[in-house]
Structure formats: C-alpha cells, structure tokens
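Contents: one structure, followed by commentary.
Lettered A, B, C and D in written order, each chain numbered from 1.
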Amino acid sequence: MSTQNPVFIPGPTNIPERLRAAVNVPTIDHRSASFTKLFKPLFQGVKDVLKMQDGEVAFFPATGTAGWEAAVTNVLSPGDRVLAARHGMFSHRWIDLCTRHGLDMQVIEAPWGSGAPADKFEEALKADTDHKIKAVLVTHNETATGVRSDIAAVRRALDAANHPAMLFVDGVSSIASMDFRFSEWGVDAAVTGSQKGFMLPAGLAIIGFSPKAMKAMETAKGHRAFLDVRDMLGANAKGGYPYTPPVQLLFGLSTSLDMLKEEGLENVFARHHRIAEGIRRAVAAWGMKLCAQSPDLYSDTVSAIVVPEGFDGTKVVTHAADKYGVAFGVGLGEVAGKVFRIGHLGSLTDVMALSGLAAAEMTMADLGFPITLGSGVAAAQDYYRDTAAAMQKAA
Amino acid sequence: MSTQNPVFIPGPTNIPERLRAAVNVPTIDHRSASFTKLFKPLFQGVKDVLKMQDGEVAFFPATGTAGWEAAVTNVLSPGDRVLAARHGMFSHRWIDLCTRHGLDMQVIEAPWGSGAPADKFEEALKADTDHKIKAVLVTHNETATGVRSDIAAVRRALDAANHPAMLFVDGVSSIASMDFRFSEWGVDAAVTGSQKGFMLPAGLAIIGFSPKAMKAMETAKGHRAFLDVRDMLGANAKGGYPYTPPVQLLFGLSTSLDMLKEEGLENVFARHHRIAEGIRRAVAAWGMKLCAQSPDLYSDTVSAIVVPEGFDGTKVVTHAADKYGVAFGVGLGEVAGKVFRIGHLGSLTDVMALSGLAAAEMTMADLGFPITLGSGVAAAQDYYRDTAAAMQKAA
Amino acid sequence: MSTQNPVFIPGPTNIPERLRAAVNVPTIDHRSASFTKLFKPLFQGVKDVLKMQDGEVAFFPATGTAGWEAAVTNVLSPGDRVLAARHGMFSHRWIDLCTRHGLDMQVIEAPWGSGAPADKFEEALKADTDHKIKAVLVTHNETATGVRSDIAAVRRALDAANHPAMLFVDGVSSIASMDFRFSEWGVDAAVTGSQKGFMLPAGLAIIGFSPKAMKAMETAKGHRAFLDVRDMLGANAKGGYPYTPPVQLLFGLSTSLDMLKEEGLENVFARHHRIAEGIRRAVAAWGMKLCAQSPDLYSDTVSAIVVPEGFDGTKVVTHAADKYGVAFGVGLGEVAGKVFRIGHLGSLTDVMALSGLAAAEMTMADLGFPITLGSGVAAAQDYYRDTAAAMQKAA
Amino acid sequence: MSTQNPVFIPGPTNIPERLRAAVNVPTIDHRSASFTKLFKPLFQGVKDVLKMQDGEVAFFPATGTAGWEAAVTNVLSPGDRVLAARHGMFSHRWIDLCTRHGLDMQVIEAPWGSGAPADKFEEALKADTDHKIKAVLVTHNETATGVRSDIAAVRRALDAANHPAMLFVDGVSSIASMDFRFSEWGVDAAVTGSQKGFMLPAGLAIIGFSPKAMKAMETAKGHRAFLDVRDMLGANAKGGYPYTPPVQLLFGLSTSLDMLKEEGLENVFARHHRIAEGIRRAVAAWGMKLCAQSPDLYSDTVSAIVVPEGFDGTKVVTHAADKYGVAFGVGLGEVAGKVFRIGHLGSLTDVMALSGLAAAEMTMADLGFPITLGSGVAAAQDYYRDTAAAMQKAA
C-alpha cells in the first residue's frame, strides 16, 4: 500500500511532520535531568487537554486497552459491580476486559448506532438503592459506529439518582479531537492514547484520575503490577519512571501538546468538526446514511457509513486498499459488512479529506454502488469552501 | 502552508518516504572507501535511465541551471554559434545563459505552447553550409508551457541537413519521468537535476555527454572551473570528487535509481502518463484548454492550463496556497497570468492527483470561474478507475 | 545533556542509524495486507534469536515489566508456588510483581553480585517432593549487578531433582546480545524487550513460550486481559493484532532481525564480549573491581563497577552527566552508591567504548578517585587493538 | 565504515540531531509565502555571524568552490591582477580557479605551514604603485595545514600601502567556528559553505560582499550566469530565487543560525578553541608536532599533525578507517604522506574528541609509531577537566 496517500482509518492517525521529527530522537538517559525536564510539564499539559482541574494523570508505555485496564484495576476491586452499556465494539471490549478482571458487569444492551443510554443508566442507578454499583463505564466515542455519547447526560443521570458511583470514560478516540470536560462532567477516570487526537504512533496509554478515584486506589484490590498507578505516580513524583519509559513518545507528546496549545483546543475541535461535516455532506450526496442514529450522535472523528442492502462494506475497504492504496476502516462486530468507516481525526486537511472521498467514490463505483462520481466530493467542496475562511481566522 | 498536502508544482516533487530516509544520513568521509562504494554504481545507473550506451555522466553539487552551464561551457567556446528556439521560459533562460557565456545565439522565436520547431531547425541547419553552428539546444519539456518537444525529430533535422552540430537537450523536467533516448536520438549533452524525476531535493545537476562531446571538451574554451567536467571526471575515476560532494543527495540518488529500476522505467513513464491524462480529462471537463497547442505536445510531467479571458492564472495559485494550502505553479514570462500549472511528476498517486484537482476546483469556484465543482474530479476518477488495473499489473 | 555522546546506560541502547530510519515511518493501516506482510516473518525471526525450535512468540506493545507480567499471568495461577532467587534489583522486582499477582513466592536470598544459585535451586526442588513449585524464575542477566547467571545449570538442577516445574527466564538485558538457548536449556518462558539487544526504542515486550507453557495457558487463572497471550496469538494467527499494534516498532524489529542475521548471531555475541572485555581491562587498570563476584559471572552487556570505600557511585553518574554529558547507570537497591554501571550492549563500537572510559576517568579524577587518567583507556586500547582483526574477519 | 563513530575530517562536520531534523523536511513550494518567510531572515542571520555591518549576502546552491568562483567572477574581470599567497592546498586551488577564469595571478609562494605573509603582501602592494592589483586573496584557515592566517594583518598591509585593492577571504573552514570580522577587517568578499561551522550537509555556498564589492559588480566582466550575484540578489529582493533553491538546506541554515545565536558566537569560538587545544595537548604528549609553524597560527578547526620521519600520514588515515571505522583527513599536496589531519570543527564534544584521540593512538601504535597508548588521551583529559566548568558557565 502507498505510504503517500493519507490513511482514513480511525487511528492511528496521519502523523504530522513536526511529530515525526519529535519522536525521531536518539536515546537519552531516562534517569537523567534531561528526561525529568521533558517529562514534568506533560502532566499539566494533558490536564489542560482533558479540562481537568484536579486529580492525577498517568502515562503507561502501552496502548489504550492497557489504559482501560489500568483505569479499572487501580480503582476497583474484583467483585465490584460496574454498570455499562454495550452499543459498539469498543464498549463491548471494555466490558469484556472488566469481566476478565472479575468485575460484576451490569450491562445494558443498546442498539449499535445509538449513544450511551443516559436514561437507562439513571433507571439502573435509581434501582441500585444500596449502591452496589461502584462505577459507570461510558465510551465517549464509539469508534465502531461513529457515535459520540453525551457524557454530561450520564453525569446528570448519576446526579439525578444521587448515586455515588464513579464515572469512567473511554475517550480514546475523542480526547484532543472533540470537546472533553473531565472536571465539569465529573469524570473519575478518563482513558486515551497517543495515536488518536495526539497524532502520535501508538504506545502511550494516557489516563486521568479524579481525587475520588485516587482515594479509591488506596483500597482497590484490582490485580495490577505493570499498570499500577501508585508505582507510576510515586516514581513520577521524583521525575522518574518505575521502569523504562517510552522516551520517544514522551518527546512526541510534549510537541503534540505544544501544537494543540498553539492552535487552541477549541480551534482543534472546530477543525475536526469541519472536516467531519464535509465527509457527512458527501455521504448525504451519495444518498447514503451514517450508522449513527441521529445528528446529535455524529462523531467528529470517525464516520461509519452504512452500505446499501446487498453490498459489502468490508469489500469497500479491501478494494480501496488493493486498487487505490487508501485505507478505510471495516465494520466490526454487529456491523461487520454493513458499514465502512472513514476516520477523520488528527491532523487532516480539507484537501486530504477530499482525496479520501474521491477514493471512496471510485471504490464504490467499481463495486457497483449506485453512486455518481464526484457527487460526494462536490458536496464536501461546497462546504469546505464556505467554511475555510472562518477556520483560518480562528487559527 | 500545510506540509500535509501534496505539492503540485512542476518540481521539486513530493519526496517519497524511502527517499526522505535515504538522504537523512549522517556525515561520512567523502574520501573513504564507503563513499567510493556508494558513488561508483551511480554512473551506470544514470546511463540506464538516460538510455545511454556510451559517453560519460557527471554529477555537480548544484542545480539544473548549473547543468545547463556545465553542458555549454565544457563543450563549446565563446563565439561558437548555437541554434535554439525560444518557446517558453526555460528555453529562454538557457539561451540567456548561453549569451552571457559569449556564445553566438541564433534564436528561432516560436509561439509559447508550441514545441521545438524541427522544420525550422532543419531549414537553419541547411542554410548553415559552412557549419558555423556548433550545437543545437532543445528543451525536451518546457516546464513553463507543459510542452514536450520531439527530440527524435530534431535529430532527423540534423541528419537531413547532414549537419555535424551537436545536440544539447535540457531534460530537467522530463528525464526519469518521460521516455528519453540519449543514444538513439544522438544526443550529445543531456541535462537534468535531482529534484524532478529522481524525486530528491534540489542540489544535484546531472549531465550526460556523448563521446563526441567528450572529444570537444578537450579543446573547448568555455569558462568553467567549479563546473569543469574534466576535473570532475578525473577525480571520479579515482572514486573521489574534486571538492566536497553532496553526500546525502548521492545516497538519495542511489536509492532513487533502485526505485526506478525496481518499478521498471517503462512503468514509470506509463505511470506518469496515466496521472497526467487524468489531469487532462479534468481540464477538458472544466471546459478549459492546455497551453500546449496539440495533444502530441502534451507533457506528462506538467500541465499549463489556460484560464478563461478575464481571469488571472496567478490568482489561482495564490488563492489555492492561501486558502487551501495547496501549491500549484504560476504562469511565467509570456504566459504569466494566462495560465496556472499543475505539476504531476515524480511519485504521485491517482488519489493525490484527485486532491489537487479538487483543490483547483474549489479555488476556481471561489474566484468565479464558470466551473462545476466535482466535474474535473469525476472525469479523472473515471479515467483512473479504468486504468488502475493495467498500471498495477505492470508494476 | 548532549545528544551527540553515546549513552552508556544498560539500555535503552544507542540506536543505530538503520534502526532510526526503520522506525521513522508514517502510519500504515494495521488491518491491511501491508501490515500482515511485515508482521508475519517476525515470529520466526525472533525464534531464531532465541534459538527456539518450537513454541510460540508474542509481542506486546509495552515494556519488559509487562513481559514479566505476561509470562507469569498467562501460564500460572494465583496461589501457585514459584521458586526464585533475589540477587539484584531486577530479580527483586520480578519477585515483587509475582507477589502482587498472588503467586506464592519461595525466595532464596543470595548476595548481590552472585549468580542464580543453581545448587540451592536443586536443593529446594528436591525438597519439594509433592511438586508444589510450578515454576522457577531466573534473571539471566542481572542488570543491577552485571551478573550473567548460568541458565543451563538451573536446567540441570531441575533435571537432577526430576522436577516438572517450568523454567521462566528474564532475558531482557541478555537476549540478542549474549548467547541464549531457549530449547537447549529447556526454557518455558523467556522475556525480553525491544530496547536492549534489539537496539530499538522501548515499547515492545517480546516473550517466547514453550509448548509446555502454551499447554499450561489453557488452564492458567492469572489475571490478564491487555496481556492475554491467547487473544494476542489468536489475532496474530490471522495476521492481525487484538488492538492497535506499535507499527513503528514492529518495522524496527523487522530491520533489527535483519541486522542480527546479516552479522550472524555468534558474531553479535563475540562483538559484545569484545567490547565488554575492553571495559573490564580498563576497570582492572584502574585498580577497581566489578560487583560480579567471579569472571564466569561477568556480563557482556553491563558492568557494575565497585567504587572505593568512601566514594559514592551515584556521584560518578550525576557528575559525568552534568559535566561531560555522558550517561552511566547508578547503583540500585543494595548496591546504590556502591557501584556505578557502564552499559555496553547493543550497537557500540570500540571507539565509542573508549569515549565512555575516557569520560569515566575524567569523572573519577574530578571526584578524587585514586585514578590515573588514560590508564583504563590504554588497557582497553591494548585489548581492542589485538582483537579488532579477528572481529572484522568474522563480520 | 561505522556511522556510529564521529567523523574527524575537517568538514563536512558531524551534523547535530537538531540540524538532521531541520533539513529532513518535505518539499514546499519555493515560490510561496512560506518560502519567503523562511528565507528572508537568513540574510541578517549570516551577517551577524560574519560580523558584517553593511553589504550583501548571497546563497548559492553549490559548494565552497562555487563560492570562490562567485566571489571572483562577480567582482573582477578577466585580466585583472590579483595578489595571493600559496601556502596550502586550498589557497593553491583558489589561485588555480582564478587563473582559469583569466585573472592575472601574482602569487607569493610561502611555506606550507606558514600563514598568509602580510609583510610580503605589503611589499607587493607598495610596489604596485599604479594599482594594477585589484584584489588580494587570503585563505583564512588553510584546511590542508591547519593554519589560521591573520586577516587583520593583511588589512593593515593594505592600509599601510594605501592600496585600494579589495580583500577577498576564503573563510570556508573558519567562519562560524573561529572569530571572523568582516567589517572590522575591511573584507570585501568572504566565502563559506554550509558543511563546516554551520554543521549542515554540503550544498550551500555562502558569500558576503562589501558595498565596494557590490559597486564593482556593476562593471565586472567575469564570466558567470549560474553564479551571477545580480540575478540572485534581484530575485532574493522579491523573496524568491532565480532558480530552484535548496530548500532543505535553507531550512537547515535557519536552524543553524538559531543554534549559533542561542549559544552565542563567542561561546562557539571558545568551544572550538577548547576542543582544539585538547587535541594539541595530545599531540604534544605524543611528542609530535603540528604542521602549523607557530602557536599563533594554530587553527581551532583542524590540526595537521606531522608524522615522524619514515612513517606515512596517509596510512594513519586508511588504517584508522579500515580497522577502527574512524575518519581522519589525509595530507594533501606538498604535505601528502607527511601529515594526517584531525578535523575538530562544528558540533563536537570533549568526549567525542577523546574518542578520536584514542582511535588515533591505536592506529599509530598499530603502525609502529613510537607512541604510548593513552598518553594523548590523558593530556587532553587533563585539559578538558580543567576547562569544562568555564565552558559550561559561558553556555
């Protein structure tokens, strides 16, 4: 596959040149003052991105799955009841991971394409009068379905039930691309990774913990050693790391935080929204629909596009890869074959997005989809033309 | 300007990852055996690209302009008569350079958009009964107008006139992208650079000389020292360089030659043709015309597109750069303002080409051109779809 | 700290240019055929380095600590008895990790500077007549003390006791630098990482499992999800990954394996031995001693050098870093302050080693050590001169 | 040859990581505003390094030899008399280049190892009562002999003779490493390149011209086209370039200027002096001598070390390369075989310098030189220890 075309997978993202350079550094001593100097400012930097007023941030040399694991094993204990909704592959996997770690999962099944059901959460929480539920898990952005859930609504559900359960959020494919308000939403643990909104290679799990979660950590009996946050923060407090840190990715994170700050977080979010909206205009022009059930659920980082009856979304992906060297995402789990996904997170220009749409059009035409070449491109062009000036002004 | 969008200037080209890596090397001793080992195979490699059976190749740490200068100052003497046609900015500049070096230029003015006038060359050569003309200069690909001239026809003109003048060809924007037949066409000096078909940064002037040119070098009185081919080849013969060589670019050239060989030269040419033809289909769909007067002149490395009366080609370029972060080429000289240029040489995929077309469409629409968004993209998509399979099979 | 001086920490190592380039690649789709093509050959490549005839290899996007955890949690169950010796910081940490995961650790305390006590292992195993001990853990190379233990002897101890316990080996700082014989030694799980003998950045935990360990995995109840080998190998079997893989490091591993193969494993080991022996000659010339108790224990990847009474090894490290921009390793745990460490693993030339010795000499002289400047350098030069030819011949 | 050992050739230098990254950039449009923004500040930046109050600076995409050529062909005319001294290979080559360009060279032969003979210049200038001499050429740092000449003394000679000849200085291997005072010394043209004090790859010739030289340019008849300064400055004035610029090197120069400014020019010079003095202490400890005749002539960028009678300096270089993978410089011209050279310019640490000395010692010992291993290293260590603190304080 060409390494010259952008990728349109929902992460890892296209890595901007500046970050390519930032991670391309020689070995430095991770026990040196140079490392500490690099490392220390990352904590506040990530807190700013999470909009997190207090609590702690930890960086593990691992991927988002490890972030999920660290969040639950450090704060919860085997046998603890945890409330979650399954409405996509990634919420499914987090639930599965929790089960393996001995948590007592109370799962609300919801349609793939729907958001986290705040109303059903509220119901379940109200029913839990003796507060057996220790945590509620929510996947902020379901990468499988292109659905962004309303975390504030889940917080309101907790509040309405007057329930003390903690709120755990998977923000892997939302944080640093879409608005995330750790403190305002009363989040207790938020998980993300280096390879999405931070635009870096995979390899860094980033987790924020509220003071309440930190407190719970003191007595939590979840099984962890590599992912033990106490060891991590203990070493971090001295400017170090409990084992070998991923130095190159930490350099990258430092530059990524600079880039986000220079652009301005709200501008970053607006940029993602604009690129995403252009993609959605194209989908509409094609006469197709998103997997996400309603506009309020549309994700600004990934669009799962439902293919017409009788067509195979997976073939769109393999055909585009084989013939045009362009990578889209396949449908996963329940929507396997039914959708293909266009990832549009990280550093992506309108012009790059148009090339992805053009490749998708050629692919669908090749596969016999009832599609007019150029139609989606034109719809997106139209939108991008109108919105470019405002975007530049902001940036 | 975004460094994420491809550039669509007629060189330097987008540098493929493999060449980015190849030139990103630390300092090595250019008087060492390591250097010689790297350096030696480059000569045959370039000869293969030039389709050159005998003669010599020289690499100067400079740009194509220096290549022009080296070609004429090493082989000709001040006062020598040289025949050339002016039909674009780059033929104009080479003529100007020759004049400054004291050559007696016999210039045939031809319309910008036309090719080198083989018939008029034949006429002039036949008229030159005492063989005062020592050389004929031809610009294989006029980068300013997107015109590829017929070098074989110029050779036939020389033969028809039974004239001993040497044939000098500027192949800067053609060699390694379009077919070039040094020996078959009886070329005596051919000039190119690293930043076009070789897909490298600028900084290497590459020149091939026929045995006849090498012979002429012995008595030529052109002024040169930095660009003296005898010094260069003398040092090269010992595996070295007469001064500091551009080591990084030579590493790059080595890899570039590998890439061209692996793909196959004819496949490289076919790939350029395919990308170019898609662009041309788009131009036709826009209802616009190329500066090149007829299809046999169409360049496969750059298209100069004539803007409608009342519009300004230069504004297309500045607007595309400012609003969309995409670089096209402005019109130069006689066609300044009248055209804008899309460079499509080097390592460019169909998908990248489509992004350039999409950007051009948005730009033209913004500027009020009577253009339908998506129309050119659709025409190119159609062509690319049909031709992708054949291209892949060949590669 | 200078990024121009080599580092002399016991990993991560100095990254060779070729590996710097190999990991500096753009994002590719990890669900594509390109990824599978890259990924598949890595398994056999690593088996060759481990000298492993059968069994399985897994790559986790994490560090060596995660490798330790994956080894024990996938094969053992909470409550299982595990025999281990504590004779350095890394054996200590692995024991600690096992304890946290609920294993019943039977720990033999041995002096720091000694090797794994095969005789005491044999004693303990023989005493364990009802075979409660499920596994024996050994740290092949104690990075803290510069001690290489005799794994074959531990295997003999198991055999002499006719004990079915599995043999788990931490080869993080030995594998790919010193001889390791997975199958011949009857190893059941071997752990290493990308940042030592493989000369890459940290971020890849590499683990080999014997068929016996694979069998045990079916019933093991260790807590794992992110580090579940069954999920990993299941996905790998289809050419994929259970979550986002560390693509850049896998590209790097591919090239690292090529480099090791091209040089020849035995040559790699001989090269490490030669560099290490030069360092040891220098230490002897300084009139100092290694922490390792006897020559048969000397590590070829790291030397822990005992500082004279009244001096502080940690100060050597901080002074060298502050004044000369050179990174050595501090003493850890029991030997904190008592030693400083010179890491000499990975891609290190004799000339680089000499620069480290020169820096150490200046540092010790600055701190008032009874050291003659140039003395250690001269001893190492002498040795390197004598052995360079043989090394080159082999390579 | 290893790419891990530093090079000790007198340029190109070891390229610092920051500059490796700076030149590793994708293609940008050299006719865009982005280019202009990068390009414009370079002029003042270089003037600051040259300590140049007025006049102009030009950057050619070529090497230092082209810089020599541009200096003389733009300011002088064929037939002009030029005074120069030949006391090394590089002064010899510049004289040769001038001769080829038709200048009337009045050459003072001086011993290799001596500096430019200001007294003899004065004599010649005083004798030139009708001011036929249009320019005096001086090689500030003779890279072949490791001799730094006294430019101020040459200026005094011109002044003492009350002679209007212009002063042309080759500062290729001095500028940005040793003090250079363009305006104070009354220099009219100064030549340097990217690959020495600026620590970049070769490929950029950098030339400063005084107002007087600029004035002379109006009527100068030297043959030039590629190297025509008027074209260059004309295009530069509009933020552009007369042909394709070496974009990557210009990015590199921008960062190089930042680095020099951040460190402070005087600190850069002091750093070079310190590294050089350590090398010289080593040479003295070896009982050997420099080619430079007296301490006031010692170059801080390169040391040419005279080998004892009966030994071959060239063998030192080939042996060090073959056996130890370390690059030194051979003797050139008159001192071929008689010396070997250690380049110590650009970004080199004391620790790197020590590794070069250690390699030289092993090499000389191998070749039977009467040398004590470690002796030179010790002398340099001693000096570096004493001077490290002052250096750090300044930086």
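Everything that follows uses one rule, which is that contacts are C-beta pairs under 8 Å (C-beta built on N, C-alpha and C of every residue); 3 or more make two chains touch, one makes a residue touch a chain.
Bear in mind that the values here come from a model prediction, so they are computed numbers and not experimental data.
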item	value
Intersection of contact partners for subunit B and subunit C	A, D
Chains touching both subunit B and subunit D	A, C
Most distant chain from subunit A, judged by the mean position of its C-alpha atoms	D
Subunit A and subunit C, separation of their C-alpha mean positions in angstrom	35
Centre distance in Å when subunit A and subunit D are each reduced to the mean of their C-alpha atoms	53
Intercentroid distance (Cα basis), subunit B paired with subunit A, Å	46
For subunit B, residues that touch 2 or more chains besides their own	3, 14, 17, 24-26
Contacting residues of subunit C [partner subunit B, same complex]	17, 21, 24-26
Complex interface listing, subunit A residues touching subunit C	1, 3, 7, 9, 11-15, 20, 23-34, 60-66, 68-69, 96-97, 100-102, 193, 195, 201-203, 223-228, 242-249, 321-322, 327, 329-330
Residue ranges of subunit A in contact with subunit B within the complex	2-6, 14, 16-17, 323-326, 347-352, 354-355, 358-359, 361-362, 365-366, 372-375, 377-378, 381-382, 384-385, 388-389, 392
